[in-house]
Amino acid sequence: MMKIQCFGVARDIAGGPYLTLDQLEGRSVAELRQALLRTYPAFGELVSFAIARNEEYASDEERIEAGDQLVIIPPVAGG
Amino acid sequence: MMKIQCFGVARDIAGGPYLTLDQLEGRSVAELRQALLRTYPAFGELVSFAIARNEEYASDEERIEAGDQLVIIPPVAGG
Amino acid sequence: MADPNDHIDVQLSATALSLQVCRDFVVHPSCGGLCFFEGTIRDLNLGATVTHLEFEAYAPMAVKEMTKIAVAARNDFGLHAVALHHRTGDLAIGETAVIIAVSSVHRKPAFEGCEFIIDELKKTVPIWKREYRADGSHWLNAHP
Amino acid sequence: MADPNDHIDVQLSATALSLQVCRDFVVHPSCGGLCFFEGTIRDLNLGATVTHLEFEAYAPMAVKEMTKIAVAARNDFGLHAVALHHRTGDLAIGETAVIIAVSSVHRKPAFEGCEFIIDELKKTVPIWKREYRADGSHWLNAHP
């Protein structure tokens, strides 16, 4: 089980600042995105969302490792 | 005799904050410019110079009237 | 440049931002042009009256992304220095959400670099804005 | 607009300019974007070391021309307010010669309007700059 941190609208969708998913280690970020959409279909209603891995935007091909800091980044709105 | 006010490099050329020219009333601004260049050839060495009449840039065709405030405007350098 | 973050001041702050502090960081005798952008909270958005805004940030990554943008602006536009300060928390109408200050020898790169920074910030920095109106609230930009 | 100079603050000043004063003039709850330009005295010009500068203005016409530019910027770029302050007299290296502050609903016109004002000011406002170096002085822009 890995904890994934949620901000902004992602926190509303998850119902809290973290959600958890099973069996992520070794899978790709694309697979994480698919798992999220299956478990929380409301993510599919967003304009888009990105995944941050260890404080950097993660590409779809990256593999998730044990201990990674994973964060869902819904559309940003700074400034 | 009309007094013409001089700023910046025009003051250096005129040797003071004012110069005077005769018989300007009724003449055009273009004629004023020619008279200036005859009397003070150093104005011909400037990048350019404009004439202000009553606190506005004057076109070459405007006629000078008694009581006009005339000012030589060498190349500006604000900011 | 020895330190890649030389002349870069990035801050994420829970308290009021200061234009003067940002200005004093970037001013330098070699620079003739300073350009600043300040983003403030508007009372109207898409025709609706806004009561206040809440800014939430994924702080460590927001600082990293803001620093990347500031360094890119300094290097790509040949700026001398960049200050980039962003607020978090609840902001009232008229309060300041972001201040950008840049300095350069001439003015053109200062304008271009400053505008680049605010444009990029709005695309990549993990900060979110919840808009509160009399009839409820919502996260901006989230839904189509 | 009833008064054609509404929300316009033009000043020609023999004493130090204030970014905060200009900022406070333009800020408004309807505006989300403030852009500022500050022009400061550089220690080097065309490779030569400058000791200080003297600014001379044909004051009544300079104020008229600065006002024309500020009003044109407000009207053409849809700005809310414009402050345009310019120094006269002797200025040391690092001192501020000009400050421009503009506010608008969105940021793009703020950047464009602010840059328009400094570009136009350098073309039309009757202000002259004498540059002092260790070996003498000359009026800038005067000769080819």
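We just call them A, B, C and D in the order they show up, numbering each chain from 1.
Note that a residue touches a chain if its C-beta (ideal position, glycine included) is under 8 Å from a C-beta of that chain, and two chains touch if they have at least 3 such contacts.
Note that the structure is predicted; figures quoted are calculated from it, not measured.
Chemist: Find out how few touching-chain steps suffice to connect chain B with chain C.
Modeler: Minimal hop count between chain B and chain C: 2.
Chemist: Starting from the Cα centroid of chain C, hunt down the chain whose centroid lies farthest away.
Modeler: B
Chemist: I'd like to verify one number: the distance from the centre of chain A to the centre of chain B, where each centre is the average of its C-alpha atoms, in whole angstrom.
Modeler: About 72 Å separates the centre of chain A from that of chain B.
Chemist: In whole angstrom, what separates the CA-based centres of chain A and chain D?
Modeler: Whole-Å distance between the two chain centres: 48.
Chemist: How many Å are there between the centre of chain C and the centre of chain D, using C-alpha atoms for each centre?
Modeler: It comes to 24 Å between the two C-alpha centres.
Chemist: Please set out, as single numbers or ranges, the residues of chain B touching at least two other chains.
Modeler: Residues of chain B never touch two or more of the other chains.
Chemist: Quick check: what residues of chain C touch more than one other chain, meaning two or more?
Modeler: If we look for residues of chain C contacting two or more partner chains, we find 39, 118.
Chemist: According to the definition already given, which pairs of chains are in contact?
Modeler: Chains touch in the following pairs: A-C, B-D, C-D.
Chemist: Of all residues in chain D, which touch chain C in the complex?
Modeler: Touch residues, chain D against chain C: 19-20, 23, 27-44, 93-94, 105, 107, 110-111, 114-115, 118.
Chemist: Which stretch or stretches of chain C touch chain A in the complex?
Modeler: Residues 39, 55-58, 60-62, 64, 86, 97-98, 118, 121-130, 139-144.
Chemist: Quick one: which bits of chain A touch chain C in the complex? Just the residue numbers, please.
Modeler: Going by the criterion above, the answer is residues 5, 7-9, 12, 45-47, 52, 55-57, 71, 73-79.
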